[in-house]
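Below, each structure is written out as structure tokens.
In the two complexes that follow, chain A is the common piece, with chain B as its partner first and chain C second.
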Partner chain A sequence: MNPFLAALRKDLLLQWRTRSQLVAVFVFGASALLLFSFAIGPNAAALRQFAGGFLWLALLLASTLALADSFESEMAQRALEGLLLLPADPRALYYGKAVANLLQLTLLGAGLVPVMVVLYDASTARLPGLLGIVVLGAAGLSAPGTLYAAMTAQVRARNTLLPLLLFPLVVPALLGAVKATSLLILGDPMGQLAAWTWLLVAFDVIYWSLCGLVFERVIED
Partner chain B sequence: MGKSVWPFGLTGLGLALLAWGTTWGLGFAPREAYMGDVQRIMYVHVPTAWNAMLVLTFAFLCALVSLLRGGWVWDARLEAAIEAGVVLSGLVCIQGSIWARPTWGVWWDWDPRLTTTAVLLFGFGGILALRQFVDDPVKRAVWSAVAVVIAYVDVPLVYFSVRWWNSLHQVQSSPETVSRAFHWPLRINAFGVLFLVAGLLELRARLAFMRRETELAPPPPSETAVAAATR
Partner chain C sequence: MTALAVETIGLSRRYGRRWALSDVSFALPQGSIVMLAGRNGSGKSTLLRVLATALRPDYGSVRVAGHDARSERELVRQKTALLGHNSFHYEALSARENLAVAASFLGRPYDPSLLARVGLEARADDPVTSFSAGMRKRLALARVLLQDAAVVLLDEPYGELDPPGFALLDRVISELRSRARSVIMATHLVDRGRALCDRALLLEEGRLAWSGPAAQMPTEAPDGSAVA
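Up next, the complex of A and B:
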């Protein structure tokens, strides 16, 4: 079996067996969406205008929980050392985990979209495009997030450190995702959607290649 | 690492140049026509901003060398450069706010350069925190170098994304775009900050190197082992 597929299968199986955790993370994201509306007040027009930003902030906050979990199980009983002893390229390990995290975050984002539609009365006219942006944005979070989770899982204060490292880094991805989502919800009279989508794609391409390159150095002893 | 005294000399030269350029800028350079005396903060703000970018670029180079060739000297320089970069970008944000309040009427604006500097401040501040929390010196060196490379690659992306998003900052000042009367204090201060930072950076790197040496040194022999050897 291809090492990448084997790693992906292992991580998906792990996520499936701890699916209650994913439900908890989803509830966390949904409650964040609920709380954001208190910052604006019961103003339907303003809430709709900021719906895209709130969706991505909720997903970003929830993603730190999901990403941190993804390496927790590798640290228990020193499973990571066992994995590194296998005659497989560590890159396969990284991409397996990163793709599994991407799928998990996409699922999370897709789950939060209906909550956003209900709470903020966001338009659903361009749902396929919205899901595409969710995939691209989730990819932007999961590539550096998986790398940093591999580091922070091994140190003290891991829960503080992961967001501290991840949040400033993903600013371009976050901006691109928020703008693209808002344009899809509110309409795009100036035709700016393509530019923001390309920014997201560029971020994804850069970090999916760079993080795969350096992952080996991060986990080697 | 060496023990020569040139970093002290360089630091002193930097301080002297800064004192000269700042006195010139505050006391003798002409008042700017529109902004008045507030504009004089440019004599420290612009040199700080230039040097902040320079120091962070140096950190990136240290991280590359540290990753590709290894060596504790480069890790020590990396540590010093990250710290200096965080201090300088923090200063740029503070000076920028002081200048923005009377000029734009707000402390903060979501302009590309300002926002990028703030993102850099938080990004490299996070890397400093990472260094604090990793006890193993080898992992600390590799991880912080990886994090610096990843954060530095992000800089143009942050800059252009924020630029698309919003823009208000005036066009960059450089000796070509400002009047001749303002040149000299700006140039003197730019070299002043450069020498000051370079001197302090080398001293800080030496300190980091000495700390690494004590961290990596074998533990001192126990009394029984000494007694057994001398018996």
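Up next, the complex of A and C:
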């Protein structure tokens, strides 16, 4: 079997076996959306205006839990080291894990969209476009997130360190995703959506290429 | 000239300021069954991990199955199998799934008879998290057999095993010998090691204190205490 497909299959199987974790992460994200709505108060226009930003903040916070969890099982019995000693190609291991994380975060984002619509009265007729932005934004979180989760997996303070490293790095992706989502919800009279989408695409291309190259250095002795 | 399974020259490895291995040099011909003895903290596990390329040496050269462990790490990994203190398994997956994952990375079909060989066929579909320490060790042994490597590195392989497990491991080592595989086994069971192995290496505080035929390995230090 192709090493990437073997890695992806392994990670999807692990995610399926620990699917209760995904439910917990979703509930965390939905709770964050609910709490953010309290900060705005009963102002329908303001809620709608900030819906995109809060959706991505909730997804960003929930993603750190999901990303950290994705390396928990790799470290428990040094399973990742065992695969490297077989030997498995580190790049295949990275892309397998990153794609599995992308699918998980996309699912999480797609699950949070209806919660956002209900809580923030932020419906949009351009649902396919919104789902496309969710995929691109989730890709922007999962590529560097998988790398940093691997880097911090053996550190005692990993739950603190992962967001500290990840949040500053994903600011461009977050900005692009928030702006594009807001434009899809509130309308795009100036035609700015394409520019923000391209920013997201460029971020994804750079980090999906770069992180795969440096992963081996991060995980080897 | 006999081909060498392992050759180290001046091998040294440290953790921070502490030297776990210091100037260790030895050569083992292919097909050797070797006991690696020494007290706790003498460097046995570090040596096996360096040979398996899980750790890089700080100084010295290491060749395993004819390949340099620094510059030809992938080739060394293709020729070695390590049974270490950690079982390298995913706790959430079943025994069968764990072996299937390893087989898929090795590019070979999963052989269901492996679990039967280590006595785990009845628990093949149970998650590893429900396994006892001895069963995990058996599963780790099945993974080593799956790798079918030229150099097999066993770190305390008898630990956690029950008496039938001891017999199973003895049979596996005999089988590896008959197939001209090289085995380096770190163990505190010196009598068992002397019976099974051709050669012995004795480590003391990271240094190679003695090497020679296993049957002749000293069991007591000059002060009368056990050497391993």
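The rule we apply is simple: the second predicted complex is superposed on the first by the 221 of 221 C-alpha atoms of A that agree within 3 Å, B and C clash if a C-alpha of one lies under 4 Å from a C-alpha of the other, contacts with A are read in each partner's own complex, and residues count from 1 in each chain.
Going forward, a residue touches a chain if its C-beta (ideal position, glycine included) is under 8 Å from a C-beta of that chain, and two chains touch if they have at least 3 such contacts.
Note that the structure is a prediction, hence the values are computed from the model and not measured.
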Partner chain(s) touched by A:T18 [first = chain B, second = chain C, both, neither]: second
Touching partner for A:A44 - first (chain B), second (chain C), both, neither: neither
Partner chain in contact with A:L199 - chain B first, chain C second, else both or neither: first
Partner chain(s) touched by A:L35 [first = chain B, second = chain C, both, neither]: neither
Partner contacting more residues of chain A (chain B vs chain C): B
Common interface positions of chain A, toward chain B and toward chain C: none
Interface residues, chain C side, partner chain A - complex: 52-56, 73-74, 77-78, 80, 82, 84, 86-93, 97, 101-102, 104-107, 127, 136, 143, 147
Touch list for chain B against partner chain A, complex: 67, 119-120, 122-123, 125-127, 129-130, 133-135, 139, 142-143, 146-147, 149-151, 153-154, 157-158, 160-162, 164-165
Footprint of chain B on chain A - complex, ascending: 144, 147-148, 151-152, 154-157, 160-161, 164-165, 167-169, 171-172, 175-176, 179, 195-196, 199, 202-203, 206-207, 210-211, 214, 217-218, 220
Complex contact set, residues of chain A against chain C: 1, 3, 6-7, 9-10, 13-14, 17-18, 73, 76-79, 81-88, 221
